[in-house]
Amino acid sequence: MTNINIGVIGYGYWGPNIVRNFFTAANCSVKMVADGRTDRLAQLAKAFPSVKGVSDAEEIIKSKEIDAVVIATPVFTHYPLAKKALENGKHVLIEKPMTSSVAEAEELINLASQKNLLLMVDHTFLYTGAIQKMKEIIDNQVIGTPRYFDSARINLGLFQPDVNVLWDLAPHDISILIYLIKKAPFSINATGVSHTRNNIENIAYMTVNYDSEFIAHFNCSWTSPVKVRQTLIGGDKKMIVYNDLEPSEKVKIYDTGFNHKTDEDRKMVMVDYRTGDIYIPKLSLQEALSGVANDFIQSIISQMEPLANAYLGMKVVQILEASQESIKNNGKEVKIR
Amino acid sequence: MTNINIGVIGYGYWGPNIVRNFFTAANCSVKMVADGRTDRLAQLAKAFPSVKGVSDAEEIIKSKEIDAVVIATPVFTHYPLAKKALENGKHVLIEKPMTSSVAEAEELINLASQKNLLLMVDHTFLYTGAIQKMKEIIDNQVIGTPRYFDSARINLGLFQPDVNVLWDLAPHDISILIYLIKKAPFSINATGVSHTRNNIENIAYMTVNYDSEFIAHFNCSWTSPVKVRQTLIGGDKKMIVYNDLEPSEKVKIYDTGFNHKTDEDRKMVMVDYRTGDIYIPKLSLQEALSGVANDFIQSIISQMEPLANAYLGMKVVQILEASQESIKNNGKEVKIR
Amino acid sequence: MTNINIGVIGYGYWGPNIVRNFFTAANCSVKMVADGRTDRLAQLAKAFPSVKGVSDAEEIIKSKEIDAVVIATPVFTHYPLAKKALENGKHVLIEKPMTSSVAEAEELINLASQKNLLLMVDHTFLYTGAIQKMKEIIDNQVIGTPRYFDSARINLGLFQPDVNVLWDLAPHDISILIYLIKKAPFSINATGVSHTRNNIENIAYMTVNYDSEFIAHFNCSWTSPVKVRQTLIGGDKKMIVYNDLEPSEKVKIYDTGFNHKTDEDRKMVMVDYRTGDIYIPKLSLQEALSGVANDFIQSIISQMEPLANAYLGMKVVQILEASQESIKNNGKEVKIR
Amino acid sequence: MTNINIGVIGYGYWGPNIVRNFFTAANCSVKMVADGRTDRLAQLAKAFPSVKGVSDAEEIIKSKEIDAVVIATPVFTHYPLAKKALENGKHVLIEKPMTSSVAEAEELINLASQKNLLLMVDHTFLYTGAIQKMKEIIDNQVIGTPRYFDSARINLGLFQPDVNVLWDLAPHDISILIYLIKKAPFSINATGVSHTRNNIENIAYMTVNYDSEFIAHFNCSWTSPVKVRQTLIGGDKKMIVYNDLEPSEKVKIYDTGFNHKTDEDRKMVMVDYRTGDIYIPKLSLQEALSGVANDFIQSIISQMEPLANAYLGMKVVQILEASQESIKNNGKEVKIR
């Protein structure tokens, strides 16, 4: 039986969750964790005495014992660490967002391809029962042709010192958009404000425009007194409300729709709308990160593409990069290549 | 005792509410109602047998008996009807939005001023217990310096055949913004989509930018499966959540805030946030439209400015007009004069 | 076409709603309204100028013109007024609860039967879209065998000076129980407290016991800071949550259940439970009282039994009477005949 | 510095939480854990390698090294284990409910007193931020004289094979009642139903009656499709709503009340009610079980009474025992000694 030896770089907020989930995944062993902070390594020793803690990521990257590396460090370090790991023949799982730029993402994708290594991004939300159920519903044409995607992810939360609120919070929702809606975005408009005099927006709004009659919108804030994590996905047949804060009734499917017809006499478009029953499917309660860990390991073994593959991760960065350009140019439209 | 004789033009959805509220207001009498539709006049005769129904608005506008006219007709008719009414020496109350353009609004304001007549706009929400309480809270510096205003007004609702969703729904929230926040907006970005092939957006998003560190955002939709009417207003001391769908607990004041300081060593801005108690004030339950009717009549009598004065109404149109230009130019920034 | 002439006795809180709904019902005309209070008659004249207002109920009861009488007065007057109306050959619709005692209810039922007149009770809730939908669901065996009915109807509300909170609020829920669940109650336990030194309970709790494995419970209060109107109805296959305060999603059907089996080794009963999807049916939005008015008129014409017939009304009084006896005897079990 | 050596008996659902919280408490060490199940001891070895696992509780009870014992086993074993532990000179913390009968509880209290040992019951809820805040509010007379306590704790939950739903769920709410309301209960009425043919009620209702105008009511169910954990506490000045399922806004204080006066003319009691502002205090987020562990250790050291003392634990059992008698006698009133 194949066994993949794992090294984890970064043992901050998310690191312990990563180690715990790879511990229980099949066909792999967590061997090493790297973190420059002594207190974090002490925490590791207490929680996972069998794992070797090291202060230098290089030790993992160059270790003969290690087959695959998980990178859970600040965004700007993703590219250099992943590059070096790939160069040293390791499969790589990177925390979201994948990189600080599309160019970096493309370079990593090419490198992984040349080396025949797996490169994957930890877009954890895609592995939740809620998103898996919505994927099934949308792919089965239950909602008809998708018309809009409207997401709010706001909270009184941890301000990041190096990236703005879109880079911090929107990757979740953008990855969900890309995964669920098979349409190519055309352009981005983004606006925002910084209340911290460091030019890093703590509130930002983004519209993703499409060629067809589809629109996506994102409302992100670190400065809301209430927590909201809600997405509306409307189709021409039905509409979905996804409220991630509901303990179990996260996904509601509304048999709601509208039709328009042209009133020739009055030269006007008239719209009828209807409401119907609502259906709340039962969702799998499996921990999403466990799905990420298993998908990473099994994709290495089977040489298949994982669900949260590097190409999806790159498309998320593409939208973030465009939003950055728009927000710094007063909301002007920025085309997606 | 002075008595103002009222004529109402338009007896559609809102007209009966207007007549009912002026009926119970002091110092005035509803004398005439004009509507071109026979069935509407029959409804009037049944509900208010003492009021004279006429099919032609001119009859009201030219009547010697009438002192003041209320205009509750489609937006594009506001300007010609109001102009004629002012020219005939009538005080005028116009439904929101005031006019289809800033130029029209300005002309009406000048005309009313020359004629020494009252011109007012029915921004009903300003007269609700919720907005009055928030005005008091913000004016008393309870929330400190305002930092953001974030509003969502979405529903599966009546599509308007002549104006987009911003012109239909946003006037409520824009009037609240202007009333509560004494800052001059600098520019607008707006995006949206039309699903009805008539180029009239049924979903639209608008950012209002300011010189200072303040931002306002509006999310309007006629195509949401759920109804949301929520506004967040953040200050540097406290934050308000205004949920108009709550039966009585509409306004919640959160003792929530954040502070930033520069960490000289790391050349970074560090942000601390705090949460505290929440306070839900009791609100007046008086019907808002009754407040509008009384303010209109008393402002005529006292020759004072009403709360929802024509200048505020014009500023609402200014933002709507700019949003229209932005939305038709792919979200580009449009400056407010 | 038959036309039933209606007289309404009592024009208090509910009277105007009754008049309005009989106005729009087919095959009937509201001719007279009796109320001893001059101001109420003035209100009537304003709202319904075509209806004759009288101060004495006898005038209606003895009028040759009147075919049917609606009694909307305090509970203790229901029996004498209904008796006299039946004796004078009028069909009768009584507000809930039907009478102050089972003996009175039985006497009225017998009298109506002898005179071949319709006697009906205004259990309005049975005519709501929510209850009609639940009736359909339960009759179609969707929830399987009913196991429990648990209702809370609490509020900071109007204290009645003559009847306790069970007589005031529970008739709604008891009528729903009797209508939905075809089982005969066996006995009652009730407890409560009076905070007003008049021995009239403002908080009360009632259990209705059955021979079979079914139980019903009622929690009623005039002294809750929050309004709750929620009923759980559990079956052995599915369970219903009915929340009357939801604007449209009032009825939720949970695919939730449990099974028990005996573990022979451990001499224990082991229980498994499961959760599944949730379904929220669209409900008719027709005003319930309009359904009551139409059922009353059509039942007179067709000589069929109405849904809220006198026998159901009497069974509601039976439970209330038993609850009264139990509550005054420290919660002791009182058998239902 | 004193150090108390702890042995834990029972490593089921709650045991790991107990071990974890005593691990982080000051002035104590967890030395041994007993559980008869090999797989539970394996779990212990993995999570807490420094703790000795033993299969026989006696080994802990008789160990010279152990100063204090925590008993987290099924209810019927509490008394024999606690008795033996006290006889062997150990301080004892017992899971709730304390014992299966008042007689057992009294014997343990006397034994602890003779031996000068601490006996405490793990009524964890008393140590939550919510209950601590409500205690402060009620003791400071903010709500005035308490008038009622109305609790619902329902869920689709684990059916216990040996005790009914009141013994399983109500100890939480009864302990809260006793802790917050300094009144002596007079009698109990309880009703319920068993759907599992083992005579163990899975739905039960209990009223606790008092001499004064105070009443408490408990609604407990293992068979509700929805989870409710809500308690209303009304005073003559203000009222509290405690919703334990709210993530942070658990306690709301309503400035709501009512007054009654006698209307001499009509020989009636008239009641006015009023509503006012609502206040939601910020709560401590400290883990409640950590408060239990610290109180146990510090009470041993200081020889002071802990908050969840054995006398409170015994009063909880008193109410449960009376409820059992009432429920088996068709809800008849059972006096509290």
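Note that the chains take the letters A, B, C and D in the order they are written out, and that residue 1 is the start of every chain.
Just so we're on the same page, a contact is a pair of C-beta atoms (placed from the backbone, for glycine too) under 8 Å apart; a residue touches a chain by one contact, two chains touch by 3 or more.
Predicted model only: the values in this text are computed from it and were never measured.
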| item | value |
| --- | --- |
| Contact-richer chain pair [C-D vs B-D] | C-D |
| Centroid-based (C-alpha) most distant chain relative to chain B | D |
| Inter-chain centre distance, chain B versus chain D - centres from mean C-alpha coordinates, in Å | 53 |
| Euclidean distance of C-alpha centroids - chain C vs chain D, Å | 39 |
| Contacts with 2+ other chains: residues of chain A | 275 |
| Of chain B, residues touching chain D in the complex | 248-249, 252, 255, 275-282 |
| Residue ranges of chain C in contact with chain D within the complex | 147-148, 150, 152, 154, 156-157, 159, 161-162, 187, 189, 191-198, 200, 202-203, 205, 207, 209, 213-215, 217, 219, 221-226, 232, 234, 236, 239-241, 254, 256, 258, 260, 266, 268-271, 273, 275, 330-333 |
